[in-house]
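We call the chains A, B, C and D, going by the order they appear; numbering starts again at 1 in every chain.
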Amino acid sequence: MSRGFASDNYAGALPEVLDAIAAASSGHAPSYGNDEWTARVEARFRDEFGSDARSFLVFNGTGANVVGLRALTNPWDAVVCAETAHLNVDEGGAPERVGGIKLLAVATPDGKLTPELVAPRLIRFGDEHAVQPRVISITQSSELGTIYTVEEIRALADLAHNQGMLLHIDGSRLANAAAALDVPLRALTTDAGVDALSFGGTKTGLVLGEAIVLPRPGLGEGIDYLRKQSMQLASKMRFIAAQFDALLEDERWRRAAGHANAMAARLAAAVEGAGGVRITQRVEANGVFAVLPPGAAEKLQERWRFYVWDESTREVRWMCSWDTTPEDVDAFAQDVRQVVSGS
Amino acid sequence: MSRGFASDNYAGALPEVLDAIAAASSGHAPSYGNDEWTARVEARFRDEFGSDARSFLVFNGTGANVVGLRALTNPWDAVVCAETAHLNVDEGGAPERVGGIKLLAVATPDGKLTPELVAPRLIRFGDEHAVQPRVISITQSSELGTIYTVEEIRALADLAHNQGMLLHIDGSRLANAAAALDVPLRALTTDAGVDALSFGGTKTGLVLGEAIVLPRPGLGEGIDYLRKQSMQLASKMRFIAAQFDALLEDERWRRAAGHANAMAARLAAAVEGAGGVRITQRVEANGVFAVLPPGAAEKLQERWRFYVWDESTREVRWMCSWDTTPEDVDAFAQDVRQVVSGS
Amino acid sequence: MSRGFASDNYAGALPEVLDAIAAASSGHAPSYGNDEWTARVEARFRDEFGSDARSFLVFNGTGANVVGLRALTNPWDAVVCAETAHLNVDEGGAPERVGGIKLLAVATPDGKLTPELVAPRLIRFGDEHAVQPRVISITQSSELGTIYTVEEIRALADLAHNQGMLLHIDGSRLANAAAALDVPLRALTTDAGVDALSFGGTKTGLVLGEAIVLPRPGLGEGIDYLRKQSMQLASKMRFIAAQFDALLEDERWRRAAGHANAMAARLAAAVEGAGGVRITQRVEANGVFAVLPPGAAEKLQERWRFYVWDESTREVRWMCSWDTTPEDVDAFAQDVRQVVSGS
Amino acid sequence: MSRGFASDNYAGALPEVLDAIAAASSGHAPSYGNDEWTARVEARFRDEFGSDARSFLVFNGTGANVVGLRALTNPWDAVVCAETAHLNVDEGGAPERVGGIKLLAVATPDGKLTPELVAPRLIRFGDEHAVQPRVISITQSSELGTIYTVEEIRALADLAHNQGMLLHIDGSRLANAAAALDVPLRALTTDAGVDALSFGGTKTGLVLGEAIVLPRPGLGEGIDYLRKQSMQLASKMRFIAAQFDALLEDERWRRAAGHANAMAARLAAAVEGAGGVRITQRVEANGVFAVLPPGAAEKLQERWRFYVWDESTREVRWMCSWDTTPEDVDAFAQDVRQVVSGS
């Protein structure tokens, strides 16, 4: 199928990742993570997130979020997140049904929580009738293509810590944020006070695989048991580890994600100002959100794959991935301009 | 690492599976199973299990079992299984904690349920104080390397159906059973009255991937939601589907599993009768269970990887896999004979 | 302790209810609801809600809501409720953690859902990534002391049914609503299209006890099992049934709840217009919500028990109960007027 | 209904308990346990179980067990119990489905666990694939009418503590055991090393009510939240507390339970030796288990209520309660002798 703008998970895997899988398939290796590839990846995660960082490979993003949050919460705790969080709207109720975690969803203009938005939900501590806010979970980059700065993360971490709470990042697209901000992963996480995170591999270029990272010691009791119980422990773990090994090598993730970001910026620039196209969110990572004139989306979808994000407002989402080419962008942008000019 | 006899999940992936992964990574493909590879695999599963069969790819065996059983049970139902079932002893409480399913575990001599063993647990129907037996779940081939014949499966299916219950197979090693019995998958499942099954890919030679198969229509309401909620829905599904495509092509699974079985038979034959070696279970699939003289296992483990299955009885488990060679077996058997003769 | 305005669950039990408990304690009776008191109460519920109505007695309001909603939902379903719903804010996460149900909470001005407020949440039917809206749950009378008219309920029932959904009432104070509207229970529920409800006993004048009522046949599969499993099945059920027998006899609930309503109206009338007192919600049932001048609540709380409902807005809640007297109200109102005039 | 031998929960409530309920219904009282009755009962529990003992009143036995065990376990932990435990066979899957706790059920000859029976289940500590044994739960007196001595409890507590585990008692009939052994409650629990227990009120003579007791400090984190979330927190708590106040006053429970025990002993003595009656369990508390000749149970059930415990062995269970009279016993025993002599 030709490339479109539907989702970064429509893309295949980086060639080096495919090579790593093939190369890992030699001889026998202990299962469930007791292999040399996993050991190497754990060391790489320590290099990225600090010497105390522990990492736990899992299958998918929902798994990474749910296992990570289960490891941070008691059964009576709640997690504050944005109303638009993947956790809240795209995980089929797994946080509640599998994790047993009540989400306290907060409306946001741009997919980003702020201390001002979160603070009113941090109430009723010690009241047995109410779930206890325990974690603030943010998505970086957000579901709306926006990015938290280091300072914004630090402010949320401070708020959390002042309340005896923890800060969690759903980093399914953390690579895109780090690339966009041009900072080390550690600056965006460990050094900014983050207590736990999901580090996305799949959308960045793996076949499949995500990692839970616990940057500091003393948190996440029982996470090994929880990963297994949550059905996220791979038997032939070396095949997930080998992929991460390739992704983390030499910051390959940064180049892949940075390219996707650049393609989104190129697309936004190319359609901005075209009659009736309104970009609705700052284009900071690899997604472009826009409102098109009536009928335009339908016409474009005859030739290109992408999703209507909100039927009621006619807002569309265009996602770029590691394999999006400038030619893809230019061809699509030309079609956009043509369609809206004719509508 | 050199090959040993620890587990069939210590093996790598079949070369054709690795090729299929690489080949699948071209261009964009719709995510979450709306891709052509998944469509092709679904057709292959219909070819194997009958035209009504629906298949659902997941990440791992625990996921396949839990999602499958969730789709068959009400929240007040129970599942009867062998005490030795993977479900009961090796899934970290996932059936209970994630699936909410109480297991009724039955002691067996050989890992296999029989109508006689199961019947006493099929009581208290309609009694609100008791969980309601709804599913009989068997493992084929069993955790003890034994195999249910078609007639044995049919008898359990009849028992289940006569009680308004269902028969489920944990088929993490179903390929080994079908290869050993030299029958089509369908004869062992659909035609024998099986209502749902997990079809194992990982141990048979995939990088990772299992399938839930529902052979007949009308069962499994909500399984799509349950797979997602149970965190077993892959975004880049084509990469799991492509592996199954290679595995199912031309019954490649049968050759791989049949070879593993043959190696186990070769091993059993080579050590049987050696002083003090007692084979404890019929060697019907790819595992050999044996009791060794005191100290023998420890000595062997200095050179070979395998697990002590039961510390209290000194029973060991030797597993063969698709990549076990006759030379591996012969070298190991020679060491076994040497160690036990010296003990 | 002298009577205040903290909560209707600060009140004791109706004398007739106490008598009924004592009278029920004679001889032996089958447990778990197979007794004559329960049979009599079930008949009374049929009298109130229609000949198809089934009733299930439970211990408390959270139990009634969670068991009722579990009986209406699949594990992948969601319940739409008001943000202020007891279900959402005062049940300690039981709906999510015990029921496994995701709540879709909707902000409301007055604690009441409307079709306009609910409709935007009824989306993504058939999308496996999203929980499936299955039930609309309203609280009658609401947590803010407001009441749904029969027409308003019918409109919500129509909305639900048009979408293949169900309408549920948390009727912890349903008696107050029926008394206020001066209609039969049936008009407010069965005849208005309600599919399931919790009928509150405790706040209306029982020692303890609530009922789940399923007005129409064919809904609520497995509710007997779910009640037991949710730990809401009393062994000496006759003692809960006997209380309901007394409460339902001759519409005793209507007199008790109507009196509480009248006391709230008397209180509102007595303080309305006093300097700086602003009644914030229509006083339709047995609660008065008001904003007082700064410092006034604290002064009043030196002599009277009541809760500050919202610290941030200084809104207080004054609840009347079946045993509130006109003298209680007048004395309190006088103190309110005095305190606010001095502030 | 006339008194039979079906269950101790067929009995009504002690007169003093009924009086206490009526007396508690005066004036207003803070809800959810912040009342003077609850404070008084908490003091009484400290008197019984030691000055560190904390008590938490709940509605029923399943609630007491599940909340207590949730407070002792992590989500990856398991509870070892007898196969006959109420927890395992009569709580509708609540431990698994609501508590998320896997039970490791152990077959016993007499309903009692011993260190020898338990030890083989205390394996795989630290193995992420297996649930982690965390609690041993025993029933005192047991479901088969047998009693653990202080020394037997101490031995199990020692076993548990040596493994870093805890000992829990389902004490739905703890009063019967303490009366039978003629020891203080504390000797059987706190002083014997018990870490948590359910103290039964309902079967001992309450209308309804059970207590969770945590005898020592430092255990049971979050139990307040868990009680609420498990739907076991009564709003008008004073009515449960007042009952316990009457039950604990002057060891009223001991007289009530001791009487029931005496009636069971009287019954056993009166039927023992009658042709074909075989008492199957030591009669140590308030239950008699016996095997009758074919057809005898059916004939007796025409005039008397009791349960057939095991259809396959024709074993019956006869339970005595606080209100069973010597005349009841003698009349029943006479009928038993007559029926079996005629069979």
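Following the convention adopted for this analysis, a residue touches a chain if its C-beta (ideal position, glycine included) is under 8 Å from a C-beta of that chain, and two chains touch if they have at least 3 such contacts.
Computed from a predicted model, the values in this text were never measured in an experiment.
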Between the pairs C-D and B-C, the one where more C-beta pairs touch: C-D
Pair in A-C, A-D or A-B that repeats B-D, with over half of contact pairs matching by residue number: A-C
Distance-maximising chain from chain C - centres being C-alpha averages: B
Rounded Å distance between chain B and chain C, as computed from the means of their C-alpha atoms: 50
Chain centre separation (chain A, chain C; CA means) in Å: 41
Mean-CA-position distance for chain D and chain C (Å): 33
In chain A, residues with contacts to at least two other chains: 75-76, 91-93, 97, 100, 128-129, 225, 228-229, 233
Touch list for chain B against partner chain D, complex: 75-76, 78, 89-93, 96-97, 100-102, 105, 120, 128-131, 312
Interface residues, chain C side, partner chain B - complex: 32, 70, 74-76, 100, 128-129, 132, 221-222, 224-229, 233
List of chain A residues in touch with chain B within their complex: 1-4, 6-7, 9-13, 18, 21-22, 24-31, 59-63, 66, 91-94, 97-98, 202-203, 207-208, 225, 228-236, 239-240, 305, 323
